[in-house]
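Two complexes are shown next, each including chain A; its partner changes from chain B in the first to chain C in the second.
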Partner chain A sequence: MARPVFEIEGLHIDYTTESGVLPAVRDVSLAVHEHESFGLVGESGSGKSTLAMGAIRYLASNGRVTEGSVRLNGVELLGLPGKELRELWGSRIGVVYQSPLSALNPSIVIGRQLAEVARQHLGLDRAAAFARVAEMLTKVAMPDPEAVMKRYPHQLSGGMLQRCVIAMVLMTHPSLLIMDEPTTALDVTTQAVVLDLVADLKREFDSAILYITHDLGVITKICDRVGVMYAGEFMEQADLRELFKRPRHPYTLDLLGCVPRFDPTPQKRSLVTIPGAIPRVDELPHGCIFAPRCKFVEDACRAARPPLAEVAARHLSACRRWQDVPLPAAYLREATEAMSAPEMERGRHEVLAAAAAAEVHFKSAKGLIRGRTARPIRAVDGVDLQVRVGQTLGVVGESGSGKTTVARAIIGLTPATGGTITLHGKPLPRSTGKRPRATLREIQMVFQNPDASLNPTRSVGDAIMRPLTLLGGLGHQIAKGKAKDLLEAVSLPVSYFDRLPHELSGGEKQRVAIARAFAAEPGLILCDEPISSLDVSVQGSLMNLLMKLQVEKCTSYVFISHDLSAVQHLSDAIAVVYLGHVMEIGEAVLVLTPPLHPYTEALLSAVPLADPDVKQKPIRLGGSVPSAMDVPPGCRFHPRCPRFLGDICREQEPPWREGEGDHRVYCHIPLDELARLQVETLVLAGEERGA
Partner chain B sequence: MLRFILRRLGFMVLTVILASIIIFWATTVLPGDVASQTLGRFATDKAKTELRHKLGLDRPLTVQYTTWLGDYVRGDWGTSPSMVTAVRPVVFERLRNSFMLAIVAFALYVPLGILLGLVAALKRNTWVDNAISVGSLAFIGLPEFVSGVILISVFAVQLHWFPPQSAIDPQSSFTQAFPYLVLPAITVALTSLAYVIRMTRSSTVDVLQMDYVRTANLKGLPPRRVLFTHVLRNSMLPTITVVAIGIGWLIGGLIVTEAVYAYPGIGRLLLFAIQRRDLQLIQSTALLIVIIYVVANLVADILYAVLNPRIRYT
Partner chain C sequence: MTDPIVAEEEALSGIPAQTPIDRPRTWRVYWRRLKKRPAALVGTIVFCVFLFLAVFGTWVAPYDYQAQDAKARLDAPSLSHPFGTDQFGRDVFSRIIVGSRNIFLIGGFGTLVAVVIGTAIGLASGYVGGASDEVVMRLLDVLLSFPSLLLALVLLSTVGPSNLNLVFVVAILYIPMVARVVRSMVLDLKNKEFVEAARVRGEKRSYILFREILPNSLPPLLVEASMRFSYSIFLVASLGYLGLGVQPPSPDWGLQINDARNFLQVAPWTLLVPACTIAVLVVSTNLMSDGLRQVMLPGGGRN
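Our next item is the complex of A and B:
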């Protein structure tokens, strides 16, 4: 094979902190070739970004590369004078970041920010630089580049901004492209579009790509070779398919197991979890650094640290027992268990809570003096759904679809402005203030960000006891005992009772929030993206926890997420929401296999599945969710619908088409026709991939 | 943008009207009767009644208020009983003096504050940063009548560099007045400097940690360009607002400093008017100060909107 474009050899990076020197990255080597993309995966804290940024010598002032060699096209970067290094930055090395909105200067128009690169590195004058920017924007499939160049970052959507950043870094045809979680902050549908773009550009530009992500699904779409990092070292390096099909390190195996597999059957299974947490780099265990969390550990593993060694062609593993690492499929069957509630079958069919034609319209008053009546924001616009006893209703949709507002209307935090919310068949007052205490107790909520939902000055125990004394009417001592039981139920040590939230990790905080929600012994818990902001391994264990508690307490969940894999994993029924309206609802299996509604279909084909062999339909949605102030007439999905029929979609509201059970689809196309279209696209997708 | 300014102007007029009501109400309900004040303790009731009638004080309050405000808007600010001259020329003369002091103080502390704040941010958590922060904080707690007296005793009494007080002829030109302006300006600057430094430092530190500064660096731009195009443009926003709002205080709020130096500015005029219970003068001066504050705020708002594209047209 040709000489690599980018080589890292034996790199060590230290951070100097108050508590001493932290060896954040230790003895790491990798090589990326032309047209190749190398994926860096691992939990947060594994040192992925530090490695990438340290290699191009962009570290915080307390960070330092202490040892090793980094070569770009044969040129050693370490020891290069600052001025020459800056010349490489932006010309030979391009970096794409996680959040495109914060990566661009908010007070300078896009065109100028991009033109800066052309002027600095290509020596173009103002006019030529702007022409070059326009040309690059066209290349990344940006609609109307001239107009975009005059906009400020906040005036563009995340997907468009990320395209601008990609256009900016590709302008100089860099040899190395570092992409640090470039799609993590984007919606699934937008992520799919950006991933397609990166894959296309990979073919056109000969840059070597270093792709950092925690998402194994994304890796399969982009990368040729993958390195799995753990606490600052590589555990395994292999070609993509080999790594997924024949991992030679238990950590890789466990990471694969944390991700819900896409298999929508009514039978729910737990996920593989990785016990414990990633160690701090100053408290590394003596032997293998993964040993304390490893399920294949032997005494010998703890004696000496195994080196990263070639165990097969182009396959490196740092495990002594690499030969004993089982095949993923078999391991996952064995290491997970079926989760089901045996004795609840009868009760399961009863409807616990429901929304009928629920509406949340916000008035947007403009002008204090001349109060003109503006169009309302129709955040929730006629939603019908039911949650059954002991079941989970998954709610999916892009951001801006009104998922959260539906939940807030059900619990009464944002009172519905129309329709009815019922609990046990009885209509509820719309706002929490008017609901009786028993109702408040019955419905609880877990929020996305535990940092914001736990009071920083109250201890964990206080937080859990509050609903017990307030809603449960328990005395202090009894409440204290119950709170401790709840801590155990969410697998936290009882010693956490007196801790403050800031002493806990993100996953632990979310466990406290879950314990607090269960404290009131509710019938229904609304989970609003409860795992989105957490690491993959933590996501897996929280999903297991939610399933376990559901089985034990026969609680119903509304599980809101933009992550369709998580939703299908947990849900018995799924509601697909778009722009404040349900598009499709029904039993999970019926909604997903096959997806009938064009929106469900598009969402599903946008989910990056963590299996390099799965063929997914290349259906992409253009644009973004319109403003809830300008809901399109007719079918509100028609401007973006891949199966748009014509005037009928534009002018008439679609009918509800009834399927099996309570499966309903909101579309002008009849169900059997939708099913037939499914088969056709599948065949088409297969051919395209095969070619 | 035009709509934005018009809206803000509308709010401004409302604020001024509200303030005028408060000022008027406060001056009428305060103890102390103009008639007895003017005519002395031994005036007859008849004489007092006649004077009140002459001044219009026996009319209903609302009529008095609207007449006063109407006259004020038309530019007829009446005569001051205590100075026995027309109010308006006196107030404007003092306003001009306050303005001169404000300019010198502003020119002292704003550039210096921004510069020191920037240096502190760029050298954050080093001894330079600590020295600047601690040094500037030392002055923030020092009231003007203390720092003023210290400055006078050192630079005027001992070193004879500047005159010890600034009771200049109110009609002096800027060049004539300048030597008298330096010490009061330094006094004012000392208290405000720390605010500007801290504001500049904290916003610059925030901006330096922003992702877009990383982007700018990794674009390979020279450090100087990163600082001027990407950092300053954003980090100056909060400072500019604070400074612009400060202008109001600088012109209309230096009552203590002007008193310490006996400088004939608008603050001292207000103090004088209050001591003499000169209602006409109090009302006119106070309302003018309100207008100055409101205008300064408007300027701050507009500046912020112009510099920050994210809030434009709202």
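Our next item is the complex of A and C:
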């Protein structure tokens, strides 16, 4: 039996604020063993980071641990004098944060920076410290460690930086490793590589890992035990598989239901939603703190707060009705509904908008003194795609693939420099300024950042009314009425009409942005990562909203996201984009099952799916997306392609291989060959797992 | 470690606003934050006292500021003349009170004109961008490269000292500074999504500038205006002292200092009182604008 490395018992953490004392974390206990990783999940504001940082006494100056006990290797941390604590922080406890760039000093080269840790905490001399750094960088699978040590942080990609930070933290062989959303800022493909690394290191080092994340998919990749937090308390704690297969708390059940399952069928279903929001910790309800949002609530739940009790072996739940919590599969069938309405079938195949050989090339700045030859940045480089009436076209790709620029070219915010954009078959002027009002009305956009997409000085009602009066030509009174209808359509109370954006949460702002887009009664809405900055539960309800409005108004969407699970959940067709070019496009089912293009395949095997039983192929892409100034010749994906053939990929542009319907794949390998390779890798993957 | 106030706001902002509590409006938030900063609060109060004196000075002052009293020349501070009297036997206290009006009128209007014109230049130049922006900004840089007092002296000695000319000199000196602040705001805002949403709607340029961008530039603009105002007090007083500002017999503070130079040995209060008054008003205006920056700008204006 492994020994517990890190134990927290009955921990309470308060924040002192002007409005009084906020009990941010209340009576929390957990234990992490060696070689084990404990996942902390929950929506934002649930107190995950406060718990982890409070336990090692690394809090903001107004935070205070008021009660409880925290032991690292049996040593009590809470009474420890500051000097001893600081010694522990660097050597026995390591923390990896979300942003690697801010964890490293930008003006010191990687090698010196990491060596500093070795000299400080391990007492090594200069040469030995550098040798140790090289050794650690090799351990985190860094290609060419010697070269990396001579680089400055800004010269490395996000994934490489995060590996450097992990190497730095592991240098002293810490007993406890706290990872606070370490992959959230990374691309899916890079995330997969870092997650693999953490899983490997867990086996190699005997550190205990406390892993904080909001992403249930990531949890399944690395955690052994999971604690679900809600408003500062644990709702449930269990081993990974048990938690996903037999959750004993309605909150866990709902969280699992918010995440789209990977199941590409033409039949769309809604997601589970969690009504309401996390309560403020100073306004907690009397009984069970989840009761106001719970679908299994009874009067008795509101009377007294149920304790976190053991309901099965190694399984704790804070629900008094834990026996009545259904199995996830049964619950999902009941709590979700089919979304496509039959009348949508009519007119499905008509193309609404299309891009033909669309190009967006930016001029790059010339050198000031002696002109370095200015190569254009080829952000979008010959994209062909079609959006059909009432359908959703999902656009996926890593960051830097040009997916956002494609959308901006369609709507005219970033005018295309080549090719044509058509609407109803007619070519459009390239920039918004030159498009007639009727065209402007037809295409609307929902932006990624909800905080910037609404004018902070104008009320919600104002924001929604403006397109109604400007593009719809409605009078003030009629527009006001319609704006209120739209608020209802996006499930916001009409009382929000006079609110200012800063009085709304992120999800609510995005709902207003959606209402504003629909106010123009457009045929096409471009959604640029509209949900990626939001909590899982909010993501789920926004996806439901988008689907509902699409069925009601027969609007087409272009849904841009790096999140393949969200894209497959919403889309009828999918375009996979790499470095400004479409790699594969077609009906969602055809693109994803099985994935034919090697890039689609790699993306799909990198997505962390929130199901511990799904087997994914171990395909990992090396490196990162090349600069759009140096697009590789031949097939632009060839330097990273796992199915690289040889000279033909390096020298010749691949042909479009036509599949079923309008399914097209941009690859040198013929389709039937690609399909056969799929089966082989699946078998290989199975064997590897069996071994 | 994180700043406790910021940490607290983060802790609170993690919690969505769906609860039906009435969230305070922006201005009330500013006021609440201002109350927590005693220096800024004192500055604001002192500033408001001066503003009150500037408006109602003639009624508040115990004596007529021009009334001479031959029997009480250069009297030391006493109960009847709290700040003493000057060489003509005029009550210094009353002259200080009434003199504040000039400072506020010239400094205030000068700043106002600078803000209006500077904002117009900054908005247009920042939004249009490109070569014209470059030309306008370099011209303003040229204007900025002169020492301000020198430039003011040159201008005033050309057009002659008068209250109206003073206003214009203050305005000309401060237009470039205001324009730069506004332009930087425009550059920041013009690529924000809500401005792009307006472009996608086909809004006119003027609508985008005045309805979408300008309202969001107001907080930094207000901070800049209050800073400009405090510098303009300096400038007007300096010009008055040098004889190119407000002309006698007006009770200008700078003028009073100049008059009092000759009596420094016998009646130091005639010099000290106006000098200290200028200092108090400038410091309190600075404290206020600092406070405004902390409460109105994101991150408290720490860069």
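By our rule, the second predicted complex is superposed on the first by the 683 of 691 C-alpha atoms of A that agree within 3 Å, B and C clash if a C-alpha of one lies under 4 Å from a C-alpha of the other, contacts with A are read in each partner's own complex, and residues count from 1 in each chain.
As a convention for this text, a contact is a pair of C-beta atoms (placed from the backbone, for glycine too) under 8 Å apart; a residue touches a chain by one contact, two chains touch by 3 or more.
Predicted model only: the values in this text are computed from it and were never measured.
> If we overlay the two complexes on their shared chain A, which of chain B and chain C does A:R435 touch? Say first, second, both or neither.
A:R435 sits against chain C, while chain B stays out of touch.
> State whether A:S102 touches chain B only (first), chain C only (second), both chains, or neither.
After superposing on A, A:S102 lies in contact with chain B but is clear of chain C.
> For the three-chain arrangement built by superposition, which of chain B and chain C touches the greater number of chain A residues?
Ranking chain B and chain C by residues of chain A touched puts C first.
> Is A:L243 touching anything from chain B or chain C once the two structures are fitted on A? First, second, both or neither.
neither
> Between chain B and chain C, whom does A:H121 touch in the aligned arrangement: first, second, both, or neither?
first
> May I ask you to decide whether A:L470 touches chain B, chain C, both, or neither, giving the answer as first, second, both or neither?
A:L470: touches chain C, not chain B.
> Once chain A of both complexes is superposed, is A:M445 in touch with chain B (first), chain C (second), both, or neither?
second
> Can A:G63 be said to touch chain B (first), chain C (second), both, or neither?
After superposing on A, A:G63 lies in contact with chain C but is clear of chain B.
> Please output the residues of chain A touching chain B within their complex, sorted ascending.
56, 58, 86-91, 93, 95, 97, 99, 102-108, 116-117, 120-121, 152, 154, 165, 168, 367, 369
> For a test of understanding, state which residues of chain B touch chain A in their complex under the given definition.
7, 10, 210-212, 214-222, 229-230, 233-234, 307-310
> Where on chain C does chain A make contact in their complex?
The contact residues of chain C facing chain A are 1-4, 7-8, 11-12, 14-19, 23, 25-26, 36, 192-194, 196-197, 199-203, 211-212, 215-216, 218.
> Can you name the residues of chain A that touch chain C in the complex?
Against chain C, chain A makes touches at 15, 17-19, 22, 24, 44-45, 50, 60-63, 276-281, 283, 411-413, 432-433, 435, 437, 440, 443-445, 447-449, 452-458, 466-467, 470-471, 500, 502-508, 513, 516, 520.
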